[in-house]
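By written order: A, B, C and D. Residues from 1 in each chain.
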Amino acid sequence: MSATELPLIGDYSTPSTALSGARIGVVTFPGTLDDRDATRAIRVAGAEAVSLWHADADLQNVDAVIIPGGFSYGDYLRAGAIARFAPMMDKIIDAANSDAKLPVLGICNGFQILTESHLLPGSMVKNDHLKFLCRDQVLRVENNTTAWTNQYAQGEEITIVLKNQDGQYVADEKTLDALEAEGRVAFSYVGWNPNGSRRNIAGITNEAGNVVGLMPHPEHAVEAGFGPDHTGTDGLGFFTSVLTHLVGGQK
Amino acid sequence: MSAAEVKKFNMDTVENAAATPETELPWAELGLKQNEFEEVVKVLGRRPTAAELAMYSVMWSEHCSYKSSKNHLRQFGDKVTEEMKKDMLVGIGENAGVTNLGDGWAVTFKIESHNSPTMIEPYQGAATGIGGIVRDIISMGARPVAVMDPLRFGAIDHPDTARIMHGAVAGIGGYGNSLGLPNIGGEMVFDSVYQGNPLVNALAVGVMRHEDIRLANASGLGNKVVLFGARTGGDGIGGASILSSESFDDSKPSKRPAVQVGDPFAEKILIECCLELFKGSLVEGIQDLGAAGISCATSELASNGDGGMDIELTSVLLRDPTLTPGEILMSESQERMMAVVSPDNVAAFEAVMDKWAVEYSWLGEVTDTNRLVIKWDGEVIVDVDPRTVAHDGPVYDRPYARPEWQDALQADTFKASAAGANLPSTGEELKATLVELMASPNLCSKNWITNQYDRYVGGNTALATPDDAGVIRVDEATGLGVALATDANGRYTYLDPYHGAQLALSEAYRNVATSGAIPMAVSDCLNFGSPEDPDVMWQLAEAIRGLSDACMVLGVPVTGGNVSLYNQTGTTPIHPTPVVAMLGKLDDVARRTPSGWRADADGQAIYLLGTTFDELDGSEFANLRGHLGGLPPKVDLEAEKTLGAILINASRDGMIDSAHDLSEGGLGAALGEMALRYGVGARVALDDLCARDGVDAFTALFSESQARAIVAVPRSEEVRFNDMATARNFPVLRLGVVDASATSLEVQGQFDLDLAELREAHEATLPKYFG
Amino acid sequence: MPRIVVDVMPKPEILDPQGKAIVGALPRLGFTAFSLVRQGKRFELTVEGEVTEEILAQARTAAETLLSNPVIEDVVNVEVVAD
Amino acid sequence: MPRIVVDVMPKPEILDPQGKAIVGALPRLGFTAFSLVRQGKRFELTVEGEVTEEILAQARTAAETLLSNPVIEDVVNVEVVAD
């Protein structure tokens, strides 16, 4: 059985779409929690999810990769610190930096792993209130030109789930200025800053726009009945964005 | 002396025990009574070895043997009809009961206590409570899918309550969140009776296909026994260190930790690797290690199997090399499992362990001797009939009697008391009372707690806080799912244990039905004081009798549970607190009913189902005024059944969009919660209700009569809905309408309560005390 | 400004999941020399002015009561460092 | 057995939420002498046998690569302690 197989969850009727040829990898580390959810989101969006095991070094020809949330290695040392050294991460780092610019989305722990891997600048420390926080969170899409955000309107406000312990985004002032100047803040918190993140940053992108990381969880907002307040589906756009991006010739 | 030599020196073999019958043994320090020790000697035909003594002492403890409650608990097994057994795939006695959901799906759930560990170390105590119950679920062959946490702490303003609250909630969150299990509900009650003895109960639920059900037994001659997961350390064996010889043992840490530290990461790995073992059919039997550790796992596996078991204890991987055999047998180190594997599957088993980097060691094998034989470096240190350890512990018929004070307590009714004078009656007073109640410690918003729990992970949560029940989808293809609620009211049970326990069951049943699910099975956690106190023993006996009688009437079997005794400070016991967890089934979770109306419900009719009596004794309102006396609300199980049927049918047939049952705080609190759920107002009137049921406005709002619920019905469904209730002869009354343009809850002729003001009061309480 | 350093470690007999995770990761990165890792906490308390005996005593008490949990941790060191 | 102690502290310019919470709690408990608290980590790496220069170098590299994140933390100390 592969790590992200869904042994207790029936099959979906996958929407038939022209995009369903796309293969999106979902990485599972020891301690990853949201890999099944990410897999579901990919299927709901109409693509094929491919399970990637942290200890393997074969990307299996996927067209994009999602590093889902959880507590890899317990997050005991620092969130994402140990996972960053997995063989699969070496492959992902290379592919993301290569000319092919593999689209990579890091969600929550995945975002933390991307910063530890230096694919994205800055880092995360404990929430300023020091508690785990689970809530429905409003975000503003600050950059709708990335591989993972192109189906949103610039400035659109979306509600997705936030749930973490170490979600306070920090970086030095120079980096923060650069992020803002270059439009690399992808998402910001609206209404209330839930963790003390610098400049209300919820998510960022690399220069090329193929690597995006954010703390909140779009994969928990793709099915009516199970998303924020059991209705929201604002997260689906992440997954349709990458499919659009792939079809748009990047592949 | 080297560590190995010390161990050898300390070794008390069976041979040695037979040769030295006069050796003094510390049985009293290990908690055995004289008669119990004599029984052990009789069973063995000789004095026990040190290791055997360790095993019997933990396995014959109250916690593991249920010696005070066993005689009473039998009623749960006896009072079941054929109808109730229909969907029960595994009943009481296994790690957790299993209920058939249909379509080849099964669900297993269980609730357990971790009270005293939480008092000593709130974070770790509560965390390992979650860890332990989740392992019970895994050991049935299931994937755990959700947890719940009924809590009871001391007075909200007592300084020690903050310590427990911060630690326990962070521990439950820290552990559960790291496992990827959504927390879908629980309870939070503050009462000074729990000051020195907080209650942390933990529930886990798991799902599986029928063919994946696993049981804890060691069968098949020659099959291998393996221990895997965390290494064994000195956790939770404070008492057992008596077994080591003082003078030759300077090498060991002076004091064994009584506290177990949890490693949720290790448990998450254990979940995944067990599922992979089940998927590949790589284990014949499996047992989690909880209380009494290896003693429990080996003796239970062996006695439930068809033969015996041979174990080499030096093969156990240790975190602390100085542990003696007795300590190893008693250790309660967390995140360990024991399995029985056929020789053909050994290689495949090891491959799964290696993939997940889980440590394991082969300890021995299944034999045909009917004996559990444990060796230390080849020398026999335990040779017992495993049944005598696991199942034939002492059973006591403890004396019990209705307490002398019970009559006086029941005679002291609220309205006749000084506290019951000057009840609110004007509109302004009723409004202020509702705000005060909804801001009170027990009825205030639990967001401060639930915000620290992940309720979304897994993507199958269809309802969670603050709805009446948590709802989890099981099958994505069909929407098949389960609902769960936990309830107890210690004050009601104190006033009348028989009916109080039934009220806990009634409320849990009602909560599940309100969400639209069909109640199916019960797990219970009986939190009581000392069984050696005849008053407490009576409370326990009455609660079990009440619960089992009511389960018969409601047609829901008890499939498992846990008894936690000696919950007291000095000689003062806690209120008897039988926490009841109810499991229900939804054919399609898309049909679940949330506990409040949304703005698009504008104009829907608000109906009250059920009858309101003058029942304020033991209520939250009386509690606010510091009074506890009289009789709890009347139990009406037939009415609960009919109400449940109406709520379930109305949900299935799309007649209602929201529903909320009435419980603590009565109609007032229920209306307030429904309006706050999505911040949408309503207009209601009480006149018809007061006239029909012969109560005043205060009683209408705050009485805690049972078998009641509020529903919001779309205009187009009103006739059908009324007809359905009337056809069942169930009282139904139109109270008012949802008003999406209103920002208030208006009780006509009484008051108009601004929702922002109500929310502010409702949500400020826990942050005010806990930051 | 002078600081008082307080070092707190998990008790030796208590499971240390943090240390366990690290000791598992080290060899994968080629660090093979370490057989055991334990992770504790280091606090730096800044004092304005001079560190008197009374202040050091305060730090010791704070270390035992607030900064460590005596059920599972030991204070292994309290010392003054000057900058 | 000898151990190598590695101390890691949050960078001074990075707000340390845990230190901040402690500095807030201290005066409430009567500890008034401390103007600033920072919470870092202390690792103890056990070495079987002697601590060679090579092993110490391993510890230093591990401290910089795995045990700390240079974006937010500084390694303030790597030293050998004997038991």
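FYI, a contact is a pair of C-beta atoms (placed from the backbone, for glycine too) under 8 Å apart; a residue touches a chain by one contact, two chains touch by 3 or more.
Here the structure is a predicted model, which is why all the values come from computation and not from measurement.
Asker: Could you tell me which chains are in contact with subunit B and with subunit C alike?
Answerer: A
Asker: A-D or A-C: which has the larger count of contacting C-beta pairs?
Answerer: So, comparing the two chain pairs, more contacts are at A-D.
Asker: Looking at CA centres, what chain is most distant from subunit B?
Answerer: Following the centroid criterion, the farthest chain would be D.
Asker: I'd like the Å distance between the centres of subunit A and subunit D, where a centre is the mean of that chain's Cα atoms.
Answerer: For subunit A versus subunit D, the centre distance works out to 31 Å.
Asker: Which integer distance in Å separates the CA centroid of subunit C from that of subunit D?
Answerer: 8
Asker: Taking each chain's centre as its mean C-alpha position, how far apart are subunit A and subunit B in Å?
Answerer: 35
Asker: Taking each residue of subunit B in turn, which ones touch at least two of the other chains?
Answerer: Answer for subunit B, listing residues that touch two or more other chains: 263-266, 357.
Asker: What residues in subunit A touch two or more of the other chains?
Answerer: Within subunit A, the residues that touch at least two other chains are 73-74, 76-77, 82, 85.
Asker: Would you pick out the residues of subunit C that each touch at least 2 other chains?
Answerer: Those would be 17, 21-22, 24-25, 29, 39.
Asker: Which of the chains touch, listed as pairs?
Answerer: A-B, A-C, A-D, B-C, C-D
Asker: Any idea which subunit C residues touch subunit A in the complex?
Answerer: For this pair, the touching residues of subunit C are 17-18, 21-22, 24-25, 28-29, 39.
Asker: Please output the residues of subunit A touching subunit B within their complex, sorted ascending.
Answerer: 1, 3, 6-12, 30-31, 33-34, 36-37, 40, 55, 70-71, 73-76, 131-135, 161, 163, 165, 217, 219-220, 222-223, 225-226, 229-230
Asker: Considering only the defined contacts, which subunit C positions touch subunit D in the complex?
Answerer: 1, 4, 7-9, 19, 22, 25-26, 29, 31-48, 54-55, 58-59, 61-62, 65-67
Asker: Within the complex, which stretch of subunit A touches subunit D?
Answerer: Touch list, subunit A to subunit D: 77-78, 81-82, 85, 115-116, 121-123, 125-130, 168, 170-172, 196.
Asker: Can you check the complex and tell me which residues of subunit A touch subunit C?
Answerer: 73-74, 76-77, 82, 85
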